[in-house]
Amino acid sequence: MTFELPIQVFWEDTDAGGIVYYANYLCFFERARTNWLRSLGISQRQLKESIGGMFVVSKCAIQYLHPARIEDELIVSATLQAASAAQLTIAQQARRRGANGAASELLCQSTVHLAWVNAVTLRPARIPGYLIEKMRS
Amino acid sequence: MTFELPIQVFWEDTDAGGIVYYANYLCFFERARTNWLRSLGISQRQLKESIGGMFVVSKCAIQYLHPARIEDELIVSATLQAASAAQLTIAQQARRRGANGAASELLCQSTVHLAWVNAVTLRPARIPGYLIEKMRS
Amino acid sequence: MTFELPIQVFWEDTDAGGIVYYANYLCFFERARTNWLRSLGISQRQLKESIGGMFVVSKCAIQYLHPARIEDELIVSATLQAASAAQLTIAQQARRRGANGAASELLCQSTVHLAWVNAVTLRPARIPGYLIEKMRS
Amino acid sequence: MTFELPIQVFWEDTDAGGIVYYANYLCFFERARTNWLRSLGISQRQLKESIGGMFVVSKCAIQYLHPARIEDELIVSATLQAASAAQLTIAQQARRRGANGAASELLCQSTVHLAWVNAVTLRPARIPGYLIEKMRS
């Protein structure tokens, strides 16, 4: 079950090397995670306001294979690999969008680990069980 | 009374045109305002936590005169022009740092208007009088 | 003739005040201008590579009326107001997307002036006539 | 031999969670690498203009241990771990600046791999030998 989000590369995403700045792939990956959660009916804003918790990235590993340039269109994906009360493991890819609209050449990939914290104290806590159930279903 | 902050241009600040991306001057100007306030003993983090209010930009006008490039060193300034309970008016400039270390060629300038809001409701409120007094002294 | 682009607010767009950071509206406005140009068949990447020129913002004025928050959906617009060989004047707005999908509450608006420069020397030049014709048609 | 750069957290670096947005540590790490290179007399802008090459990140792994908040002062470090013609390996840390001005609590750490590409074709190439010599000396 892979969630895919089309993302267009704008001037803001590039640097003077003419390519997408390396930190910005983490923004792209986060957008895909956010919309994957929304597709499951999970609003991070509501979680923060109602139960006072939020996801934070605890760890990630990123490989940069090919550069993206301005006006490129990407397909950015998020795939849940593992979910426990302690952490989520999500595989993510940014691929160039091919002529047929589907994802083609792999540009960047990452494995991202998410933990859960109290939104006020920022202390680690267990990921609420009903969120994990929604993700697994 | 002009506050000046040296700012170095990094890859993250530039775009594929090879120059500093236009939105990023607003970041530079905000850094100068933050450190001008800190030089007066005003911590925005403490204000938010203690009295539950914060400054927001209500209006600004920006002129871009010359581009900055990677590894340029800038002097970014903030000068209070007017202060009332309703708003602050701050003149800001980004100049290239000359060989002697002082600000030289003017690259970008802005007039920024700040208002005050309740940090929770985001409703406009009067700027606390003791902040204005600190700024005027 | 107004071009409209839907833009979703992600974590990256917000700051610790809980609202969209003021510089990021300039990114949103630039995305709308880019896609307005693309809707006219104008690719800024191709212009830079083929005729060695690019648009730069020479001036803008921005009003911030209401804050946007994470997961808000915006409609960001670009409307050409004037076009000469020296500069383009573009009116831009960011509105919250209403329940019916159309633009509602006005959050931020700007008038943006664009000039044209040689992409290597960064020297000002006349905007190519055929671009202006495409924009006017 | 560790290079250290003090970095202050500004509004732009934070998100609505009240903490530094996870992608922004990659900006901080890049700033430290840039100034480490400059401390060795290596200007990336000059390299791009004179020999037409540039460093790109090929891989990195990041651990997020504790969050940073607005107005925090960080010490961000870069330590060369290995250098070959194919890649540089650099260990990086972001620590909170303690009361004595020295780096204290570890917030985020990363191992970053850099490769070298032709700045026009973006094709991988060998890292120039004299750069590696400067780094090793």
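Order of writing sets the labels: A, B, C and D. Residues in every chain begin at 1.
Note that a residue touches a chain if its C-beta (ideal position, glycine included) is under 8 Å from a C-beta of that chain, and two chains touch if they have at least 3 such contacts.
All figures in this text were calculated on a predicted structure; none of them were measured in a lab.
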Fill in: Per Cα centroids, the chain farthest from chain D
C
Item to complete: State the pair with the higher C-beta contact count; candidates are B-D and C-D.
Response: B-D
Response to the item:
Cα centroid separation, chain C vs chain D, in Å, comes to 32
Worksheet item: Using mean CA coordinates as chain centres, what's the chain B-chain D distance in Å?
Response: 26
Item to complete: Name the residues of chain A that each touch 2 or more other chains.
Response: 11-12, 16-19, 23, 27, 30, 69-70
Discussion item. Which residues of chain A touch chain B once you look at their complex with the stated criterion?
Written reply: 11-12, 14-19, 21, 23, 69-70
Fill in: chain D - residues contacting chain A, complex
16-19, 22-24, 26-27, 30, 48, 54, 56-64, 67, 119, 122
Worksheet entry | Interfacial residue positions of chain C with respect to chain A in the complex | 8, 10-12, 27, 30-31, 34-35, 38, 43-45, 69-71
